[in-house]
Amino acid sequence: MEFLVRFETRLPDGMSDAERTRLKEAERARARELRADGTLRRLWRVPGRRAVIGLWEAPDATALHDALASLPQWPWLDVTVEPLATHPQEA
Amino acid sequence: MEFLVRFETRLPDGMSDAERTRLKEAERARARELRADGTLRRLWRVPGRRAVIGLWEAPDATALHDALASLPQWPWLDVTVEPLATHPQEA
Amino acid sequence: MEFLVRFETRLPDGMSDAERTRLKEAERARARELRADGTLRRLWRVPGRRAVIGLWEAPDATALHDALASLPQWPWLDVTVEPLATHPQEA
Amino acid sequence: MEFLVRFETRLPDGMSDAERTRLKEAERARARELRADGTLRRLWRVPGRRAVIGLWEAPDATALHDALASLPQWPWLDVTVEPLATHPQEA
Amino acid sequence: MEFLVRFETRLPDGMSDAERTRLKEAERARARELRADGTLRRLWRVPGRRAVIGLWEAPDATALHDALASLPQWPWLDVTVEPLATHPQEA
Amino acid sequence: MEFLVRFETRLPDGMSDAERTRLKEAERARARELRADGTLRRLWRVPGRRAVIGLWEAPDATALHDALASLPQWPWLDVTVEPLATHPQEA
Amino acid sequence: MEFLVRFETRLPDGMSDAERTRLKEAERARARELRADGTLRRLWRVPGRRAVIGLWEAPDATALHDALASLPQWPWLDVTVEPLATHPQEA
Amino acid sequence: MEFLVRFETRLPDGMSDAERTRLKEAERARARELRADGTLRRLWRVPGRRAVIGLWEAPDATALHDALASLPQWPWLDVTVEPLATHPQEA
Amino acid sequence: MEFLVRFETRLPDGMSDAERTRLKEAERARARELRADGTLRRLWRVPGRRAVIGLWEAPDATALHDALASLPQWPWLDVTVEPLATHPQEA
Amino acid sequence: MEFLVRFETRLPDGMSDAERTRLKEAERARARELRADGTLRRLWRVPGRRAVIGLWEAPDATALHDALASLPQWPWLDVTVEPLATHPQEA
């Protein structure tokens, strides 16, 4: 099942540059794994914002939650999830 | 997978009483079937409104959409769907 | 450039079944053309609603507007458009 | 009487890991008691968020408030409560 | 248990004056009964609007819904209900 | 004239327990005075929140503002005021 | 006491021009009376809309409601009222 | 002074095609005049909607209102106006 | 041209009492000047809040911005501006 | 393609005056470059706020994002982007 997932990243003002860099790299590595196993299908940037929209595939909302919570930046993400149904013209 | 589904019924002002009664009965019959097959698990009324909140179970959002669209009143329902993930304490 | 486009269909109560069927078929035919020329890339249903989310590709917002306005149901669609930027991980 | 209760957890950035762990365990223990006495009936996770939706049973809103305020994390929860009426088909 | 109930009355444009008068009188009579049995405790007007705010008392949300749905104007009321907990200073 | 007043209390994270206790007691004492002189008529808790709804009586909005601003917790309250008109059935 | 009152006029599509003219004149005449007795103090137009913002003076919200409901267009006005307190610098 | 003006056109369902065409032409003619006299400076389409965003120049909000109300489609436009201040970098 | 201006004051928690007093006095002095030159015409308090509504007069939005930004508390004000058009009945 | 871009600047309370001045100058210099290369076409101030509205031109949303993210204040800007389509009367 597919989900449209939007997240806004809000790292705290006090976080050091080193920690930001470390987090960003860990995030990228985890994202690569989620792409490799077919969970994360597409990713777009919302222009002008520290926000992304992603197309995710997971058996259900529980598996999706686990994938999202596995992202190193998750504690600082504001995430909204929208379930998608297949459109008859896509079948 | 479970979904929390909220709907507000908005039958048009001009609909005859006979048609309303017929629709309501057809709705009840279809709801009974959806309960029997385990799709519709619980139903509550939003006090004061022509609105209900339901707990639904479906393999995915596509199956849920088909179940909702099979309701005779569907053309006049304003439906919002919220995906639910299993809470670790429920497992 | 890609756009995320959401639309809600609101055909008027008084429209005849014949007109609805005709419109729906014309809509499907036009959608097929827009897919064939690469303008309409993906389409999902918002579960429970007469609404779809689509991923569109167009040179700019003017071309996108023309594509959307070419849909036979356009006079009854409530459309919102969100511009998408390419994510560095997609390049 | 049943209530649909939604809460978002917002622990302050400065809270130590030890305090977070202690709080989480105390929360779990209190939740177990509220389940045991029939106050907390079901719990779901909102996918992607530090948020849960719960189905609660209490004689009235005052008893519900006392149950919610007995949760160790309550000072950091943003709680919204929705009263539920029994649906005739459930009776 | 007490509830704060807000309603906005929206009689359809086409309703005849006779029907409006009849409805209004039936509404007033039913409200008098609900006051007499202690269900409707206080009523205020929202200045400038065809809207009222009421303080209602009912064993639970189901009984409240039945009381509200017994109002002759109910099919044209837009109702919102807010549950109230007793404040310790009131006890 | 009556007013419906809603407030959410937001004491800063860094406030000491001693200060919180002192404030709470001062608040209770001031509330008692406002009840005694007929300004504060009823108080309810919004279940699950650090919020209350009150029914206040004051000659006008200026007098109401002075009463609200006399509360010791006022600097940390988020207050919204709704003017109430007498309903003809109450007269 | 002063009130800031905003209204949007929404005459039904089907209303005849004669009826609109008659209403508008009756409205103007009633507004003149309300100005003469000091109830309506100032009136502004919201640019681009069929909406006005007015500064009204009335002993309380009940008297204000009666003044607003005495306007011939009242059945088609969407009115919102905001109570104003005197600013110390105005005294 | 410049204003950012957004409008959504909502012609009633029952309006004949002839009337729509006549209105549209009259609208275009009036827009040309407003451009010629420097009142209407730029016009954009909101992609996917029957809506436009315009940059207008007028001595004040009263003159702007008169210009907007002179548009033949004005009775069916939902207009919002935002005042603009000159940015120091533009001077 | 007149403007309706609303502001909410949000001084930071950590600001000392001395600084608050100094700011408040500077604010009052500047407000007096703006009244004297006819820029600030009326001021009201929003009951229950640290917020005021003001009626301002300025040649255009640029001059209004300069007047607002000249207030000593401006860095901590959340300001919204609404342009007002003259109502024909006021002329 | 043109975009309407709105941003609100929110520099943190703790930022030193020297850092603010440095940032502001760097921002101005970068803005000048973006104007020179035709990316930033017009800029207005939202009266009363630390906010600007700009008219930007970029080949697509990705190029626009890069231009916006090149602004030295970008980490503290809250940005919203609206795509604009050419209006037929502009061609």
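Observations
The chains carry the letters A, B, C, D, E, F, G, H, I and J, assigned in the order they are written, with residues numbered from 1 in each.
Everything below uses one rule, namely that contacts are C-beta pairs under 8 Å (C-beta built on N, C-alpha and C of every residue); 3 or more make two chains touch, one makes a residue touch a chain.
Just so it is clear, the structure is predicted and the values come from calculations on it, not from any experiment.
Taking the definition of touch as given, a chain qualifies here only if it contacts chain E and chain H alike; those chains are G. When the contact pairs of D-E are matched by residue number against G-I, C-J or A-D, over half are shared only with C-J. Rotation angle relating chain C to chain E: 145°, from a CA superposition, given to the nearest 5. Centre to centre, using the average C-alpha position, chain A and chain B are separated by 30 Å.
Averaging Cα coordinates per chain places chain H and chain J 25 Å apart. Between chain D and chain I the centroid-to-centroid distance comes to 43 Å (mean Cα coordinates, whole Å). As a whole-number value, the distance joining the C-alpha centres of chain D and chain F reads 27 Å.
Multi-chain contact residues of chain G (touching two or more other chains): 3, 45-47, 61-62, 64-65, 81, 83-86. Pairs of chains that satisfy the touch definition comprise A-B, A-C, A-D, A-J, B-C, B-D, B-E, C-H, C-J, D-E, D-F, E-F, E-G, F-G, F-I, G-H, G-I, H-I, H-J, I-J. Residues of chain F touching chain G in their complex: 1, 3, 60-62, 64-65, 81, 83-86. Chain contact summary for the complex, chain A toward chain C: residues 2, 4, 28, 31-32, 35, 42-47, 52-53, 82-87, 89-90. Interface residues of chain D facing chain A in the complex, by the touch rule stated above, are 13, 45-49. Put simply, chain C touches chain H in their complex at residues 3, 5, 7, 12, 14, 61-62, 64-65, 68-69, 77, 79-81.
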